[in-house]
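Heads up, the next two complexes both have subunit A, just with different partners, subunit B and then subunit C.
And then the complex of A and B:
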């Protein structure tokens, strides 16, 4: 359990505490998971929560937020924030539907263009914040409005329904596969996409020099600049990645709901930020992990599911979720600083 | 520590995959369409009903839930659960999936939108769960019954009422429309145009979109009042916009020159029936919440082992000064 990045850890006791805090979301996830089993409704002796179908539903339901939250982790690691991801998801969902249904584009060109739109949109936000020096909160708040407006214009203000087939005004059936389930009809493809994104992000942060730059910019931007880190390039890249992942989530969203609507993804940025915060990533930047975010997203998903299975009143659900976020943030404050 | 991070991520992913490849398999029952024999256990049965609501932030939908709750009180066998999708299609899909997991005996759903909810409703139906769809339809026919109002009919009734009762000698009408692109908006307009045909002296001199909102109705009416010196009737696609229009007219001292009609007639303190009773609106037309009817249909399927109509369209009712107080009391028996 030694780590070059964990800076100075003086005693064994400290390191145990540090580990506990570092992986608070994983322990939190385990705790919520166990609680869910205990509080799960049962039917004919079977614990409904742990049924294969239900667990598949849980991870399917978090896949979109999870994909977005991975990108959000990158942004928050450099001390930024991206409020535009929900709107970019909506724009991408609309784009997928319009290109494939109304314009009769093929699967690959549509997906490539939609991903490119997300990437460029994110990169432009990165340019605005890194080169012009506007705070990312403001840039992406404006980005949210712009992406939402573009989605409304592109869709004509209405949801574009997706029908599958080979005929005109039909999306290719290959696109429908993205919303299907595999491994005996149990594992939803969106979950596999989320898993691939998460693994790729973890590996990327592990092997690339980019990772050191990222943590350096988030830790102390000035020091990073002085020690030769290409701060501007890092920032633009991070926002581009976040935009790319948001548009990927939009494609997944469209295929799961058979529709691209300009109102898709409203408020998703807040769920993604919540997953990152529960995952133990510091909003001040420089500290956190993708693994934590994945655990945070799953924790929220399990919590949503068990509250719903017990038919807890929707208003009470909001209160409970709010308290969990506060608790996670409070734990962060208690974390021993090294 | 980085390697730990990786192994944890790998473990998390493994957990995801394992979760998918787990133990039980409930998919065997697919394909069966819900016959009365399967779900009906008669009067001795106990039934859990799941109600999936699109968005309780709309008073109309909150009232729908309340009506279901009230009607279910009279059926001792029923235990109704409620979920709120907060206007998010994806959330509503998850809500229905969770009901399927809970193995509810019947699903009532008021879909946020048709297309995105169609496949999950079909999934429930194919598992043998009877499905009652309220207000907004889903596509295809994988549901047991649909209960809703007829917006064209409501528009027509409103048009006739204006042409025959309010403006028999003809006059100028302005139309405050609902959200552009919404089906009820188009239908309430279409019916209205048919309804006023009988009296060619009734002229629609202006129209504006108030997006169903009181404040938007008010600001649109501000502009309409400035542009049109003579307005006799304001036909609004719902009650809140009519109330907003009334406020706008009142602000410039013209509220007595014209009459206001709305649609929806929710029997709640802030609803259209009270506005008619208190004299701000001349009339409003009920848009049924279908809550009572949904529980009646559920009772027929589960308790009486009967069948229900595939489509049940509820008629609208004219509310004016003569019956507003009486109907409000009828709809709120306890208070």
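And then the complex of A and C:
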């Protein structure tokens, strides 16, 4: 009898611990959120942090990194890394601006071409790692330089400002809509794009056969190959998805800043990697989730926001962000192995 | 005289599994003590407790009468306890010599690493166990059997008082095993206490002075192995009489399934120690189980890898025909699609994603059959996985559990089941019962028999002669990458195989059967 009871208790304890770790980043997010409420400055008794306007700002600021981080999650899940995403974002922002303003292209063709550029760029990086066998760190380090170079050439080295209207040298007003807010002026469209991307990715990873292959490749590439998993195809597809999402983020970036500059997105790859790591995805591959990444990105966003609201020195902000990343990684080491 | 090792009332629990329960275990100096039991019985767990790998447990341990509680493997090593782990723990990127002396590298007078001396001593150690392995070769390139010889050499070099060998021979062929037994007897005579774990029953009577059987974490019995028959031992392990180990091979075979004609692979970048096919011809009929025998380095694995399309690049000559049509194996995906499955010899490195679930590992090769348009129907894959687990009598908790928590033999069953789910016509098996207990082995043999009766062809590479003779209809012997002999198991025995494998005429009749 006692044996059976014992069993139940232990399994319960195990699964509580497992759940805690599985949703580590969600709990982290909640903790940071609560802390933000406590430490938020107040105005006329109202907590500034939780004002609708401020919260909308938080998620809007997160949306670009968030979209990139979803793609980064895929790459990290197969045990790779993509350092080129920030540069691809810059290339896409420049591309949107140049095509619509200088070449007078319409909204749809511009967006489609820019997305296609990101997709192909990513796929080529995938080919280099999967077929030639160069480590993704090196491939995408080179990709970063190449994408920046292309962006400089395309823009003539200058930022291209975006003005809206029907005339020449003006971008179509439909493009400006992407930066607007909807639902009674509450939810910024970039946030909706981020949400759609994230949900699509979560669903995709849950139901598709492809995702099983992806996790298998990240978990043990040799075993995956011997089991008949199309390893090369999986890798190329994953890098293509990551490139596609980086260029989508670039479009969002251009519309939010009303310009496309070859220097856009510098260092974004590191923020994206940070979001993924805080989200509990293992850099070794094969283990992790997009939901965690979303929570990780939001956590960083809330942290940035509350530090800014309190006028904390930006250098101190960097320190604190660094410590949060270390703390998240340290928590992962404690993860129960079974 | 105090016993060398006395473990009392040892207990260890993993979640809901009681791996060891109130186990008393005694090892004397100069004793070879065999530890027997089915997969998951708790043998490795008990020994990992002794070797300091597991530090949280119930009960007490005394060495030479002094109570000890180790804080880790290094601590235990300092007390003279060394263990050869079942799952090899070598660093693949380092050379054989570096692995043997890992953590206690030999130094020159100016404190730099003395490579020359390490290589020399490594060579001597390896020679002692009778293998001519080059100590400079990276361990990652070695076959499982060769890696086992390296871990054995490493353990011996520790000059331990207590030497634990957890399935040291599961990938060794009989001639290597004989050499190891010589070393074991030498050590025993110099007073070392040895714990010997193996699923090969014929080894126990040969080398052990005493045997203890574990079942479900508890000691069942302890006996003198020379006084009991194998059948009695097996019954003690399994808890019920096991009727027959091997189902008699039925000679009812069908059309020719696989024909290999003068297959040669000339590797573009030849690797030392790799024995690519150098003129192999053989056939497998549907419904036929063909064995591949040969010593370590005879090229058994290399042949299977070539057929599965995973051998390193090079020029392949000769022909491979599947059901009369020539095929060119280019990779697992393409070969699997033609109906040829492969179970690799090293399940941990090449078979499983250890931290993924049993379910995910079981279905990964057959995903397209569970659902449509790339979407997985979870119910279907679950059903398939459950059915396969039943069929193989997998011992597990839940399908969501990490496959790495299964016992060695059960992990092997998962890799095996994965291939069966692809419904192959021909199965290439490389040591499919390595580390699998007698009961489960009998089940796998029974299953193979069943599948063969349904028309499956099997090409089975094994280092276990009783297995080859018992399971196969025919055995092809490889030596130096060539097929040198072919026997029907109906009219030849282990001695013939061994003689052909070693390349001399004399017989080894002392090799006993099960």
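Here, the second predicted complex is superposed on the first by the 328 of 338 C-alpha atoms of A that agree within 3 Å, B and C clash if a C-alpha of one lies under 4 Å from a C-alpha of the other, contacts with A are read in each partner's own complex, and residues count from 1 in each chain.
Following the convention adopted for this analysis, a contact is a pair of C-beta atoms (placed from the backbone, for glycine too) under 8 Å apart; a residue touches a chain by one contact, two chains touch by 3 or more.
The structure presented is a predicted model; accordingly, all values stated were derived computationally and were not measured.
A.B. asks: For the three-chain arrangement built by superposition, which of subunit B and subunit C touches the greater number of subunit A residues?
C.D. replies: Partner touching more subunit A residues in the overlay: B.
A.B. asks: Touching A:96, do we find subunit B (first), subunit C (second), both, or neither?
C.D. replies: Neither partner.
A.B. asks: When the two structures are overlaid on chain A, which partner does A:125 contact: first (subunit B), second (subunit C), both, or neither?
C.D. replies: Neither partner.
A.B. asks: With both complexes superposed on chain A, which partner does A:73 reach: first (subunit B), second (subunit C), both or neither?
C.D. replies: neither
A.B. asks: Given the touch rule stated above, what does A:25 touch, subunit B (first), subunit C (second), both, or neither?
C.D. replies: In the superposition, A:25 touches no partner, neither subunit B nor subunit C.
A.B. asks: Please name which positions on subunit A make contact with subunit B in the complex.
C.D. replies: So the residues of subunit A touching subunit B come out as 1-6, 22-23, 26, 41, 43, 46, 48, 50-59, 61, 64, 156-159, 161-162, 183-188, 191, 194-195, 198-199, 202-203, 206, 253, 256-259, 261, 263-264, 266-267, 289-291, 294-295, 298, 304-305, 308-309, 311, 313-314.
A.B. asks: Of all residues in subunit B, which touch subunit A in the complex?
C.D. replies: 1-2, 4-6, 8-10, 12-13, 16-17, 19-27, 56, 81-84, 86-90, 93-95, 97-98, 100-103, 113, 115-116, 118-119, 180-181
A.B. asks: Write out the stretch or stretches of subunit A touching subunit C in their complex.
C.D. replies: Those in contact with subunit C are residues 7, 10-11, 14, 207-210, 212-213, 215-216, 219-220, 222-230, 286-287, 337-338.
A.B. asks: State the interface residues of subunit C toward subunit A in the complex, per the touch definition above.
C.D. replies: Residues 13-16, 308, 310, 331-333, 336-337, 342, 344, 349-356, 360, 363-365, 367-368, 370-371, 374-376, 401-402, 404-405, 418, 422 of subunit C touch subunit A in their complex.
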